[in-house]
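Both complexes below contain chain A, partnered by chain B and then by chain C.
Our next item is the complex of A and B:
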């Protein structure tokens, strides 16, 4: 089995100072010793409530945040120390209407990132056209992104995330705020990416989506993993994954 | 170097679509040309509007543009995407600063067209033939310091709203103090501490050689202060 992400006893603490005169140091454990692996070519879910530590974990995996301790490897490279090697092989897609330049067209956005990823000029046009077709934006490619709907911006984000042909795509709540049609379209794109051999690490609050898409998942609560496995194994005897998830979180919080 | 050029090119492309930034770059050069050509009051000091608007331009445009651009990128998470694309923070900051400084220098170039090529007698000094070169040098210094101040605010602010609330008072002080100093001695005494006022004094002479030790020390102190603020903001907040 080939693992593209290996996390072992990963921790991240944030120190903050409280008080105006007598300052008190407060340490918050955002991620508290989590371990998991992600296989090449699978869709992996990272679930948890708001503030559970999902985004902090993704930030560490995408080299944007240094871990406090523990092992955090992506494609065999350490996320802190080998950032440059990892960054050219991964990409990150946010939820909402972030991560793209709204005063540029879809094509200009992609051309900008192609240049930053050092994609040769003669390859750029072909790759951009291919990606725009994949995310169904080819006919609006030259319109400014500010004229796009939420779903179109989200698809442009995916296009931006694919521009460097990444091995792993990190998606942080990619369907948040989308209408059912837009969300379905995005899920189809994610499935196509899996078919193309890409690995996708997904965080979402939509558990039906997880059930539909993910091969494996972990559930995080207060920085610790409280469940792991396939959606089916976690669902167990419950009617839906959501029932199982709610019960798990309640049990841990009790 | 390649990343810096790519960032500058993208910013140039963005300029004409970003009206809030564009207006900063265009307003003062345009006002200068219009006022210098339209208003001609007897006894008014030559190049009155050029000097006045130049000081305001250097205190306003680079500051607001730099802070606005950085804060917007932070707010929209595009900065994080740039870091993921292996753009180093220093490459991004140099790219933005170079872009802002260059556009402002183009504006200053436009404003300098009001300076006559022949010798002109002013109330305080004679404008020499090298006045345009001196004028552009003075503006270049002002733009650098103002860009540094904008970068400090942009890096410190979490979003555009915070950036605006920090930029407005700084901008008002830096750009309006020299103008108000012309009418009020008390304000003039306070305004002496700001680089814009010192550069305004130099602009009055239209000669870089007229910079004395006091001018130079205050301008350098401003540069050091804004550099220190930028370093402090960067250490506290980074580009996240």
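Our next item is the complex of A and C:
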């Protein structure tokens, strides 16, 4: 079994100071000793309530944040220390309307990120056209992104995340703001990525989506893993994954 | 690396020009500064308006563009969620920042031209450049100095989320300390020590020397040497800083808005 992501006893704390004269140190444990592995070519779900530590985990895996302690490896390399060996092989999509240059067109956005991902010039145009078609933005490719709807910006984000044909794609609530058609298009893209042998790590609050797409998942609560397995095994005797999820979260919060 | 710098430079120019604040700094600012400085210098007995009015207004505009663009860009990127994206891209982050700064600085040079046109159109001041070749050399050295100093500032600002506060704090002091619109010699001695530790001071003095006409080549070369030396020191400092911040920003989590 080939693991492309290995996380072991991973912790991340955020320290802040409060008060003007007598400063008080406050430490928040966003991720508190989680461990999991992701196999090559699988779709892996990271579930949890808001503030559970999902985004912090993704940021550590995508080399954006340093772990406080523990093992955090992607493709066999440390995400803090060996990041240069990882960055060209991964990409990430964060939900919402951020992460694009609004005063550039979709094409210019993608061309610019192609440059930053060091994609050879002769490959760029063909790849950009393909991706624009894939996310259904080809007709508006040369309009400024600031004229796009929320869903279109989100689709442009997805296009940007695919620009380097990543081995691992990290998606943090990618369907936020997408209409049903856009969300289905994204699910189709994720399936195609899996068919192509790519790995996807996904966080979402849409549990039907998780049930439909994920091979394995972990549920995080207050920085700790409270359940792991396949959607079916976590669902157990419950009617839906949502029922099982709600019960699990209530149990640990009680 | 060159491709990344050029690509970023072009994108930056497109984006900067689309921002009303940048257009204000680029076009309105030198016009207003030229009028203001002309009125201030009119009764001063100084007859070479090129040295203080045109050059001063142009450089003030250039510096404003650098402060509100090269420095402010870090914050804009942070708030639009793209700072994390460019930071985690395979292209080196310093190359991206350098591309942005070069793009802004090249565009910002337009402030000098606008200031000159304003002075000519409104007050009939003509371009009096006694040593054009020296001026060209001084201008190139000044551009490099401004690019390097912007790079240091942008680097420091990556570490903090209080970018807007800092960029407002540095704009006017640098104009005053480096003698953009008056000779540094009028400043108190203690302040002059700081002035001469800042590379723009030498860049401006060199340009002013070229406007008046270089009579002593040795003095010009000496000042140019100091300017280049300081620029090299800043550049080394910038490289060291970039290496440090690469780790520091990921420990302190300042790439994004909390």
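One rule holds in what follows: the second predicted complex is superposed on the first by the 254 of 254 C-alpha atoms of A that agree within 3 Å, B and C clash if a C-alpha of one lies under 4 Å from a C-alpha of the other, contacts with A are read in each partner's own complex, and residues count from 1 in each chain.
Keep this in mind: a residue touches a chain if its C-beta (ideal position, glycine included) is under 8 Å from a C-beta of that chain, and two chains touch if they have at least 3 such contacts.
Bear in mind the structure is a predicted one, so any value in this text is a computation, not a measurement.
Overlap between chain B and chain C is detected when the two structures are superposed via chain A.
Of the two partner chains placed by the overlay, neither chain B nor chain C lies in contact with A:254. Of the two partner chains, neither chain B nor chain C is touched by A:1.
Contacts of A:103 after superposition: both chain B and chain C are touched. Touch criterion met: A:14 reaches chain C, while chain B stays clear of it. In the overlay built on the shared chain, the residue A:62 is in contact with chain B and with chain C.
Contacts of A:27 after superposition on the shared chain: neither chain B nor chain C is touched.
Using the contact criterion defined above for the overlaid structures, shared-chain residue A:80 touches chain C, although it does not reach chain B. Within chain A, the residues touching chain B in one complex and chain C in the other are 62-64, 84, 87-88, 92, 94, 98-104, 108, 112-113, 115-118, 160, 164.
Here chain B touches chain A in the complex through residues 2-3, 6, 9-10, 13-14, 17-18, 76-78, 80-87, 240, going by the rule given at the top. If you check the complex, the residues on chain C that touch chain A are 3-4, 7-8, 11, 14-15, 18-19, 80-82, 84-91, 96, 247, 250-251, 253, 255-256. Those residues of chain A lying in contact with chain B across their complex are 62-64, 84, 87-88, 90-92, 94, 98-104, 108, 112-113, 115-118, 144, 160, 164.
Chain A makes touch with chain C in their complex at residues 14, 59, 62-66, 80, 83-84, 87-88, 92, 94, 96, 98-104, 108, 111-113, 115-118, 121, 160, 164.
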